[in-house]
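Below you'll find a set of structures to go through.
Two complexes are shown next, each including chain A; its partner changes from chain B in the first to chain C in the second.
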Partner chain A sequence: MLEILQEYWLTLLIGQYPHGPLGGLALTLILAVFGLVLSLPLALIITLARVSPYKVFSLPSTALVQVVRGIPLLMLIFGAYFVIPKLTGQVVSGFVTLLGALVIYESAYLSEVMRAGVEAIPKGQIEASRSLGVGYWQTMRKVILPQALFNVLPSMTNQFISTIKETSLGYIISVNELTFAANQVNNLVLTKPLQVFGILAIIYFIVCFTLTRGLLWVDFRVRKARAMV
Partner chain B sequence: MIKLEKVNKWFGSNHVLRDIDFHVEKGEVVVVCGPSGSGKSTLIRTINRLEPIEKGTIRIAGEDIYGKGVNVNQLRAGIGFVFQQFNLFPHMSVLDNVLFAPTIIQKRSRKEAVGLAHSLLERVGLAEKVDAYPGNLSGGQQQRVAIARALALHPPIMLFDEPTSALDPEMVGEVLQVMKSLAKDGMTMVCVTHEMGFARDVSDRVVFMDAGEILESAAPSTFFTAPQHPRAQRFLADILHPRA
Partner chain C sequence: MFLLEPEQWLRLLDGMWVTLQLFAVSWLIAFTVALTLTVIRATNVAPARWFVDAYVEYHRNVPLLVQILFWYFGMPELLPEGFRGWLYQHNAELSLAAIGLGLGSASYVSEDMRSGLRAIPMTQFEASRALGASYLQSMRHIIVPQALRLAIPPLVSRALLLFKNTSLAMAIGVADLTYQTRELENETYRTFATFGAATILYLLGSFLIMFLGSRIYRHYQLKGGARA
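Right after this comes the complex of A and B.
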């Protein structure tokens, strides 16, 4: 295992770069981070639409979430991979395809997490803010969302970690992320699939575990500062 | 100052307010009491439109609160409201809770409003707790912060919805003390409360409700010594001399 790591660590880390496109763990992290950064605001918009008292906003957003939740991510990726070029006549890179599918998928799930957080805020909080003369949006922004998003931080962490692992589906459409790189390594080594994919699993674990612990720590510190523990 | 005329409200088929006529003069302190489910909390919540009404009119300083061109946020900014469950914002420090309305509604800078917040907290006896979070405070302290928060926009009217009902007995006094000092300063107040001592000593008038109706409205001296309505007599007997 160690000699594989010794020989191929650079491939696993950055793919063929600088002789080819950036790949490996670096690309996986880039995909995950971009996926998160793009799906967070989108999820927030979907959440606001879902909890809106106006049906014009709540119905379409609910429909979107239900549809996306009912489809496997792989189908979404295939859909984007095969359908978008057909519709637009444009060649879309695997990276963009995967990122697009991830963002749609994650924002649907993330919005459900956020909505649960918003709906769990006691009604008295809203009434307290409104009774001071503060409007709907300011109440949302200053009272409800800060509490709701913080309360669901553990669930959001969970979602983030799923995203990191789901980037591995890029392998199917030849996005040269970590799993793809590991498979390349496996093809070169040829005789040690168990070790190669063992390394792959360990790398995913380390990344996800570190992120979980890190965010738990942040969560704990904030709770302590607010006298919630 | 506050004038309700023929106010009616239903929750579904449940008729919770029946033809309510209710007036409060400027500087008057009115206590609303009655058995649970009598509609007293609903009544007080209609005054700042936390509960919409189906029939009747409500006027604040002469203006119909459901009239055209009435901005509900402006209306509410002029009426302080104190809840049974305090409803402090747990993610903000005591100072930020009090600064909340001045910074958002009056768009004052923190720096400018901080002095006001300090003086309000001093008034409720919590000057040393500015940096604490609500989770660090006792119930009585939380309710006093909630009163300071409600006072931050200098509303001419304060509404109290059972402000001491969620408190441990030994903390009731500190909250009533703050309310008493407000009353002494001439604040127009409507208090839904079971604190009959407060009603007797501080209020100008006691209003008794049952089943969505106002059955009696009298000065505390009359109400406690010679209640007219049989339902009020029974209520007083039960509350002053509870049978085990």
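Right after this comes the complex of A and C.
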């Protein structure tokens, strides 16, 4: 197991980078970060549409979220794989396909998290703010969203961890991320699949476990600091 | 152009059948393993607790796809030659995918059961032990039936997630609905029709599970007792 790690650690970490495209764990993390950052604004728009009093906005956004949540991410990735080229008329890379599918998928789930946060804010606050003459948008921006988004921060960090795990599906459409890199290593070693895939599982475990614990700790500190002020 | 031919629908339904089989088998595995883990965890003996915690943490922090690949590529190496040969002749992909999916989901299912268990007051357990019932008897007749009832709603959403996750099995060549959809698209180029049809089938499956879940929930609800 250690020999494999010694010989191929660079491939698992950054893929063929200096001589080829970036890959491995680095690409996995890039995909997860971009996936989350790009889906945040989209999720916010969907959330605003869902809590909107106008059915024109709330119905289609609800339908979108329910359909995306009802189908597997893998179907969405294949959908993006075939549909994006047809819509844009251009050949897009696996990276863009995976990122596009991840953004749509994550924004549906994140918007559910955000909606839960918005709905947990007592209605009295909206009414108080509105009766003081503050407009709908300003009430949202200055009163509701700052509290709601802060309250659901732990769920949003959880979503980030799930995104890291979901990037492993890139393997199926040959995006050069960690799982794909490990499979390449497995094809080179040929006789030790148990060790190679064991290493792969351990790497994911270390990354996700430390991130989960670390983010929990940060959240705990932030909440404590806030409570003391 | 937006509609599929009958025989193309049949191929998707073939895939749907495999998806449903995979879902049923892996759900059975997940449920059984999770129940065992929950009971082991409830003994509160330190080594048993560590084992269950390690099991849960491992399966929650490693992608399900990686777990399936591990079972498919790695595990057969450990099996005796004869059994491995037999397995590869009898649809190894399907059974290994079911094992991977089942063991992975078991970690989440056991967490749901544990929260159900925590909701039952410990005094009931103590009363049952004081009346002379053994640990396993109190668990089987008093605690677990109530805890499971409480856990039904989260278990239903867990089952929905598992149903969608069965699509990962196509990565090791199981001919499920996602697999058949991709094949059909490759052959016919009817992108929107195929993906539309597959989406409808997945949504129907999800609705079916939700419907069954609510039926089970209502069936097992305690008459006159505390409602979950």
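What we mean here is this: the second predicted complex is superposed on the first by the 220 of 229 C-alpha atoms of A that agree within 3 Å, B and C clash if a C-alpha of one lies under 4 Å from a C-alpha of the other, contacts with A are read in each partner's own complex, and residues count from 1 in each chain.
Everything that follows uses one rule, which is that a contact is a pair of C-beta atoms (placed from the backbone, for glycine too) under 8 Å apart; a residue touches a chain by one contact, two chains touch by 3 or more.
Keep in mind the model is a prediction, meaning the values are calculated, not measured.
After superposition on chain A, the partners chain B and chain C are accommodated together without colliding. Taking chain B and chain C in turn and counting the residues of chain A each one touches, the greater count comes from C. After overlaying the two complexes on the shared chain, residue contacts for A:179 are found with chain C alone; chain B is out of touch. After overlaying the two complexes on the shared chain, residue contacts for A:142 are found with chain B alone; chain C is out of touch. Once the two complexes are overlaid on the shared chain, A:46 sits clear of chain B and of chain C alike. In the superposed pair of complexes, A:150 makes contact with chain B only, with no contact to chain C.
When both complexes are overlaid on chain A, the residue A:205 reaches chain C alone and has no touch with chain B.
Using C-alpha centres, the superposed arrangement gives chain A a vertex angle toward chain B and chain C of 100 degrees, stated as a multiple of 10.
By the touch criterion defined above, A:165 lies against chain C but remains apart from chain B after alignment on the C-alpha atoms of chain A. In the superposed model, A:74 lies in contact with chain C only, and not with chain B. Once both complexes are placed on a shared chain A, the shortest Cα to Cα gap between chain B and chain C comes to 28 Å. Across the two superposed structures, the residue set of chain A contacted by chain B and also by chain C is empty. Of all residues in chain B, only 48, 50, 73-79, 81, 83, 85, 87-91, 100-101, 104-105, 132-136, 146, 149-150, 152-153 touch chain A in the complex they form. Residue ranges on chain C touching chain A, taken from their complex, read 57-58, 60-67, 69-70, 73-75, 77-78, 164-168, 170-171, 178, 181-182, 185, 191-192, 195, 198-199, 202-203, 206. Within the complex, the chain A residues that touch chain C are 67, 70-75, 78-79, 82-83, 86, 161, 165-166, 168-169, 171-172, 179, 183, 186, 193-198, 200-201, 204-205, 208-209, 212. Of all residues in chain A, only 122, 124-125, 127-135, 138, 142-143, 146-147, 150, 225-228 touch chain B in the complex they form.
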